[in-house]
Amino acid sequence: MITLEQKNFEEIEKMTKGYNRLLVLGCETCAAMSFAGGQRQVAELASAIRVARKTSGEQGEVLEEAIARQCEPEFVDLIKDDVAGCDAVLSLACGAGVQLLAERFPDKVILPGCNTLFLGVTEELGVWSERCAGCGNCILDKTAGLCPIARCAKQLLNGPCGGSMNGKCEISKDVDCVWQLIIDRLDRLNRLEMLEEIFPVKDWSPAGHGGPRKMIREDLKL
Amino acid sequence: MYDNNPVNAMEHPPCRVACPILTDVREYVQLIAERTFKEAYASIRKLNPLPRVCGRICTHPCETACKRGQVDEPIAIAALKRFASDGPWKGRYEADVPDKSTGHKVAVVGSGPAGLAAAHDLAILGHRITIFEALPVLGGMLRMGVPAYRLPKDVVDEEIQAILDLGVEVKTGVRIGEEINFTDLSEQGYKAVFVAIGAHKDQKLGIAGENEFEGVVSAVSFLRAVNQGQNPKTGKKVAVIGGGNTAVDSARCLLRMGAETVHIVYRRSGDEMPAAKEEIEEAVHEGVQIAYLTSPLEILGQNGKVSALKLMKNELGEPDASGRRSPKPVPGSEFTLDVDMVIAAIGQAPDSSFVADKLELTERKKRIIVKGPYTLVTTQPGVFAGGDAVTGPATVVEAISAGKRAAISIDLYLRGEPLPTIEPAEEVKREKLSPALVEKTRNFARCGKISLPAEDRLKGFDEVDAVLSEDLATKEALRCLHCFLGARIDKEKCISCLTCVRVCPLGIPTTNKMGEITIDPFACQACGMCVLECPVWAIDISLNFRSKIALEIEQVISRSQQAEPMIVGFFDLHGNFRSTDVKSLRQDYPNILPVMVFGLRRIDTCDILKAFESGADGVVLAGCPPDTDPFPETADRVKRRIAHARTLLDALGIDGARLEVCDMPEKGIVDKELIDGLIQRIKEPVQASSE
Amino acid sequence: MKSGSNLERLLESGQFAVTAEAGPPKGSSPKVVQRKGELLKLCCDALNVTDNQTAIVRMSSLSGCVLLKEMGMEPVLQMVVRDRNRLALQSDILGAAALGIRNVLCLSGDHQKFGNHPTAKGVYDIDSIQFIQMVKTMRDEHKFLNGEEISGDVPFFIGAAANPFADPFEFRVTRLAKKANAGADFIQTQGIFDMPKFIEWMKMVRDRGLDEKTHILAGLIPIKSVGMARYMRNNVSGLSVPKEIVDRMADAKEPKEEGVKICLETIEQLKEVDGIHGIHIMAVAWEDIVSRIVEEAGLMPRPVV
């Protein structure tokens, strides 16, 4: 899933200031699963904005709404009327959702209420970590199923560097050295010989360095 | 009105399903836990016209079924009923009796619990009721059977009076079949008759010597004499034959009346003995001896008086038709017991001869046959029957149930409406709680009983058990596991985020491969953790549900007298406080608006914000002391949640210090110092700016 | 000869080499580099110029190299992949070649998080091993990474770093082999304090014949104070400073002397280790001690080849 977190309240307060009728719009997929944009977080944030406005004497109404996914036009179009009736939308979705809103509602101010973080896994309730950087050309077959692009601080394809100590990355004792993990797993799989080969330089163009990415499936598109 | 349809055991708590009158046990237990005792009493009383009787002597099948029993010990449901019904708030229950009578006259024959219950419900339905009672006093076995040390007579009298106050007419000393013929009732204008004559005829032992010697007495007549204060002649060494409540009560009465040794002779083992286990224990405690697996062979006498009882040992054989293992005599095991009195308590049959030509009766025991166990119709139109007269000796609550069912049927009959056909509920074999769940459920000891010491008991017929104190009662009520009040998932909203699966302290929610979440409504204990954490609010709960808390916040604020500073207080009902503590809190701090909840686990940041949004100046959350918290493992998460709320408050310009969280004191509801501190903190900035 | 550098000649002729490190300044003055050059000129065969060491912005290493070269010294151009993508790396290699630089040390670089611009975006387009391979291809095949022809020669003696003390230990030799296979002509190791571990590593190196494939120069860090010893022991990832060293520094009346002593003892021990072709002294902010160490280790004067 895509993980995201709500922006801090001060930032949200500043960016929403002056928009009399503000619609706080949740996204009930990744954003909800990240506890950043589900109905509960919408209610909490909307209520917080109302209290803050009350305290500072600012006028205006804060409305609450949520849709299944802000990254799908059909869902977005379902809240046309709500959006029409407000001065700005504070989107609690990932950047993709915010932008689709902006596209569908060209005349409306759309504000991002969240920071989009990464593609990751839930380690446990309340703990998520990055696993994939969306590089467009997966190499996990060569790295024992652990991604050095997303999880090595230096994206080394021939790691680990000289900073790997006690299984931890040089940047922090809290960060696992993914290359240590790769080596451990290759060892377990009896494939340590894979490390002898020099991994060639990577083609970064499918990773987004070739310009904005788009995927078209001829067999599917309308 | 009372609905006699069986309830679905997959949706209702086992305590309720087990109760013959479907008492909403969970509701009144919860009301006691909430310290709203009057409401608890009303909840009981609306279904049960004899709550104080049942609070004392009900055999409480609810407790046998109670889910808590699978964890440690069942909730002391009967004792709680007595607590709720004995308190000073009792009697304030007011039934709605219609101003206008329907004009229909109904005769109720017999004033035992069956007759009384029917009279009560029919009176509330606006019919004109006359109870005919053969004996000079009302109450049936409640008055003539059950001894006063278990059920004081004034309790029976008061409950009966409340029923009569509904406008029920009584004719005592009138035995139908003697003073008035059964058939005359319809001529006297009674459109319907409920026959609830009980089972008062003791059965014969059928052994040699039974009719020859002085000192062989039937239990029913013995108890009747005792209950009427007639001081019947008592032997010094007595054998009571039988294993039911009648036998045990006879034995305990005998001890109180001067008998030196009392033996109960019962042919099967203790496991099969029908008398209530507690009663047997009390009897043994008081000094009654019990000879299990023993059958009488012959009563021996001297000079026309009983002198000994010849007995024989049994062993248990194959289960009989009743499912109990039948006793088989052990050859050569005969022995004799020196006794000067023998009481026969081996079951009673109804004295139904006066209706023998009108109603169909069972062959041997002459019980009245009814065509449906719910409608209680007999072979005669307009004649209904129920209670011990139909079932044979049973229990008070079953008799009340029969009375209530009869009332429904009679009402329909009088209004010319067809009687429904009701299928008995399918017996649900509910799966036992998993050992893992039992392991995770925190144990809380069941409240003890406060009883007279054995030596004081035998001095007379004073009531043995005392009513629970408020402290004990609330504590006991808080043990309830809130069956079927727990989490329910709205599958359409659920996004399979698995939060509920992860957050539940008991591991109740489970998922399948496609992310479909299941919450076992019986296993869930309604702790409320998942309800709050679900990011899309797909879960709601019946106990203190979200919108209810929100509404309560609104209500307390709108009711408030604008006292300054206005503080919304969330108080955990699991604390050690009394209803009076809540009252004095209201007096001492009119500015604190209390919202009572089962655990601070239920209070969301949204609720806290809501309070501020609605105008509160501060919020205090008082959690129960850790030793009373049923889910102590959630305490840390609750603290972190509140810390989050505090940070948010700070960020939005409200001093986070206006949000206070604390544990309640060991006794009482709040620590005054802490509250004063909070008030001070709220006031301070205002003072500073005005200077 | 691959590059014709002094260092290459020396090592190929089987002599024991001495290199040292000179960090460029956090400023634009050439004097700092020149002063360090003066200090080290006579006591070492080539001088490494660091590349934004520990991710702190300094004068570029290429400029430092040029300044040293102008003084008649032989520089080793350090280059990290943290700050340059494949385009920048290749163009700088060409530029260095044009300016007469003949030695290059290909490194990953410390993570930008540690430096004075921790919010920077790291480049890491290619890694150090790929970098070595790339320079080798440029030199030997006259080809860019994309296969296009390069006009002119790219004569470099290619170096790489090795850290025998980082984890996982067993893999460290494999990594060295990878670097050697990629084209590393010489290796400069991390500073050595944990001699037993180093000896064990060298044994594994010899077992795989790597000491024949590439020239290994053992790294040395003279310790100035007990504080420095402690800091390196506790805070520098990839360094292994045994407790005895810290204790020795703590107990010493004259810590600087003790530091020199430790360094000299290490050199003596290293001389006994088969497969060591030289030493590399990293006297960070203590460059003036290097000549004394080299002198007292009996490695003076430096040979001319």
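Order of writing sets the labels: A, B and C. Residues in every chain begin at 1.
The rule is simple: a contact is a pair of C-beta atoms (placed from the backbone, for glycine too) under 8 Å apart; a residue touches a chain by one contact, two chains touch by 3 or more.
Just so you know, these numbers come straight off a predicted model, no measurement behind them.
Engineer: Considering only which chains touch which, label the overall pattern as line, ring, star, complete or other.
Structural biologist: It is a line, because the chains touch in a row without closing up.
Engineer: Just by CA atoms, which chain is the most central one?
Structural biologist: Looking at where each chain's C-alpha mean falls, the closest to the middle is A.
Engineer: For chain C, which other chain has the most distant CA centre?
Structural biologist: Using the mean of the C-alpha atoms as each chain's centre, the farthest one from chain C is B.
Engineer: Could you tell me the distance, in whole angstrom, between the mean C-alpha positions of chain A and chain C?
Structural biologist: Centre-to-centre distance between chain A and chain C: 40 Å.
Engineer: What whole-Å value do you get for the distance between chain A and chain B if each is reduced to the mean of its CA atoms?
Structural biologist: Those two chain centres are 55 Å apart.
Engineer: With chain centres defined as C-alpha means, what is the inter-centre distance between chain B and chain C in Å?
Structural biologist: Chain centres of chain B and chain C, defined by C-alpha means, are spaced 86 Å apart.
Engineer: Which residues of chain C are in contact with two or more other chains?
Structural biologist: none
Engineer: Which of the residues in chain A end up touching chain C in this complex?
Structural biologist: 153-167, 170-171, 177, 180, 183-184, 195-196, 198-202, 204
Engineer: Can you tell me which positions in chain C touch chain A when the two form their complex?
Structural biologist: Answer in residue numbers: 81-82, 86, 108-111, 113-114, 122, 124-130, 133-134, 145, 161-163, 166-168, 171, 174-175, 177-178, 181-182, 190, 237-238.
Engineer: Considering only the defined contacts, which chain B positions touch chain A in the complex?
Structural biologist: Touching chain A from chain B are residues 495, 497-499, 502-503, 532, 534-537, 604-606, 609-610, 612-613, 648-649, 651-654.
Engineer: For chain A, which residues count as touching chain B in their complex?
Structural biologist: Those in contact with chain B are residues 8-10, 13, 28-29, 32-33, 35, 38-41, 43-44, 47-52, 54-56, 66, 122, 124-125.
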